[in-house]
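Got a structure here, written out as structure tokens. Questions coming.
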């Protein structure tokens, strides 16, 4: 039976840390769906179609991966996709706690869905989309953190948001 | 001598975790005052009278409990109530740190007031008002987290805030 | 293709928390091998064959599960079993850190092996074999923590170790 | 009704941090029983009667405090004393986790007993009996950490344990 | 060779905790530059010139200290100042994680810059500019947290921000 | 004035993580003394002269570094060396807490000595001498963790300790 794992997130924008998790997940699962959440409350740098597009370009050439977006509860999306596995990357303690809260809440909402946690390479253990955006805002070179076309898109989007 | 404990918080809205702490506190103290803070900075879902009302309905039937609200420093409120005990629930690490900072700050502001920490049931160790509001916003069923009339009020308030 | 996951540990003795993780793993993987480590340094309450036996009885009736034991590095055992997935339960922060260190060390030793982390039910989030042994030593009833025949075995082994 | 709180621990030896917690507890409870645990597994510096004696001297002059020792489960001792409150000092994160595990385990063993956590003064937030013994072993002056007669006793006991 | 350390931050406003770190840094380095960051995203209570002014008054009389402000990346500022040491105070766990993320990000941006961490006195281990502003907003006396003229400035600024 | 920093530890054995910290410290200080502690309580794999020797070989070619050993309190050793700076590497949370406790205890013992914390490269953020010894005991290849001659020495010492 084909085993599908859902990797949900904001991906605003995708980083090398996210890509590392996707590659690790592909070693275990037959297919991985990277699912961009419509998250009404935050002020994203990129809108959902842009984030999906950046993910697609970043994952180009990787077979068995699909990029999608979803609205509403992740547990409902997981069921629509006829699977029961959610993947989350765990980097640091704060992650750990928030992720556990989310996973336990999801479990109450649907007992069939399981969240599993994977560790990115230690080279990316400190990376976060938020820090990257802050660094870019201050004029940093992002080449150690994101693919070149993502860096370009971030700088363009920061210009756009200023005007 | 009657021993009174103050249980302050935002309670936006009250959850089963809060109710669990109140019941545990009643095993130790003669009276518990649940005190809703007027907190000018946040964007609450419910205003203070609504939060007080939801707490009152949730605690109906429990003797020796009172629901109140307060403005300003908790240490001053505690003294006005002629007691010296503040109760806080401790769920997770992030709680732990913030709560300790608050408790130490309060101690500097009034050395007579003591903060004690109590643990909710492990069934509620992951619950937070914030997560519940997020889940409700995404269409989740809240019956595992809050009393039925609180769920109804949350859904109504989310509608209200959209319009 | 049959997907096999290895769940290694000391299991001295198995607890309801371990059993919960096995059941969750079976929702994701085709087969789960629970693998008792020969760990030369600790002073176990049970020897390896006893721990294997208690696990077997606890998991009786669960199809697709196998109990085994191994010596040496877990990454080598995983390869001998022709798989690449190690499961670890994550309960608390201290777990988190030690587990991450282990997982990163294992990754350096074999880049093909991935460790994934799963959360037990919050009812078992505080359980540890060590605490259970301490409680048993002090005369506690273990029925909330382990199956009845494990409780009996623990009490017998504690008697044995005293003489 | 007289409200009694039990403050259990190893107290090997008592530190200024422990004494600080006792004084804070006396602001809330009518009586505090400091209870030295017979803990078979550790290698204590002082035996139980010595630890009781050092506590008694340290707490001399404080009314409403009693020093005692107990064997077996703390929850059973608490019931024998006809109360339901256990006090634990919380200093740091590692404390936090271990204490929570203990408290949750005790709760399973007796649902009537509640553990409450109190914070020592930030001046003592880093103190531990273990660190003090290590420092004394290396020749440190302990006057910032323990009462003078405890320092004397520690140095004497370290001499004794060398021979 | 003169060894210069940069101590960057928001300092909105300076607290006794910050001053403690500066004094400790002066025991190690020949000169310390306290550098107020222009941080576009936050809503500060004080603008940068005000924060610089409060720092200057607080540090009056201390030789070998300079107060400055900077825009853009800290690593670039550090190089402009012809040094390679950044100092950060570490108070609590949440600090620890955020600081480590920042330090690792800065290291990727410039491998020559080293961040070192120093601990404030345990008396200030809980202090944060944010908590102090919250307490002031609720009417607290700040004398345990900041110099008198900073307290005055905070109260004035809070009045100003209300109107 | 020559600025000397002391980097104390067990170094049982030295790892690439320790060497990374030494190199970073040399960017800030004029001289670094790596100081092996005589630590009576632990069961080391190597005795102090062996650990000193392995450090010396590992640091060969690095100018401005000295390897030494010391007995008793680190604060006294620091003073004998006529300096006031202790360096400690910070890897993970458990480190963080233990290190802070140590640093605060040392501060009480000598207010002139300052401990500063430095971060190893994220590539070594998970490394510990203890984990390395465990891995070696189980037959692991240590080339990612320690220099080749340290690996050889570890394997030899493990053989030795078995007989």
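Should a chain be cited, it is by its letter among A, B, C, D, E and F, assigned in written order, with residues numbered from 1 in that chain.
Throughout what follows, a residue touches a chain if its C-beta (ideal position, glycine included) is under 8 Å from a C-beta of that chain, and two chains touch if they have at least 3 such contacts.
As the structure is a prediction and not an experimental result, all values here were calculated from the model.
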| item | value |
| --- | --- |
| If a chain touches chain A and chain D alike, it appears here | B, C, E, F |
| Partner chains shared by chain D and chain E (touch criterion as defined above) | B, F |
| Interface residue identity across copies chain A, chain B - same or different by half | different |
| Computed distance of Cα centres, chain E from chain A, in Å | 33 |
| Chain B-chain F separation of Cα centroids, rounded to whole Å | 47 |
| Chain B: positions in contact with at least two other chains | 93-94, 100, 104, 122, 126 |
| Chain-to-chain touches, reported pairwise for every pair that qualifies | A-B, A-C, A-E, A-F, B-C, B-D, B-E, C-D, C-F, D-E, D-F, E-F |
| Residue numbers on chain D that touch chain B, as the complex places them | 3, 24, 27-28, 84-85, 90, 93, 96, 100, 103-104, 112, 114-119, 122 |
| Chain E residues touching chain A - in the complex, by the definition given at the top | 40-41, 72-73, 76, 93-94, 97, 100-102, 104-105, 108-109 |
| Touch list for chain C against partner chain B, complex | 93, 122-123, 125-126 |
| Contacting residues of chain B [partner chain A, same complex] | 92-94, 126, 128, 131, 134-135, 137-141, 144-145 |
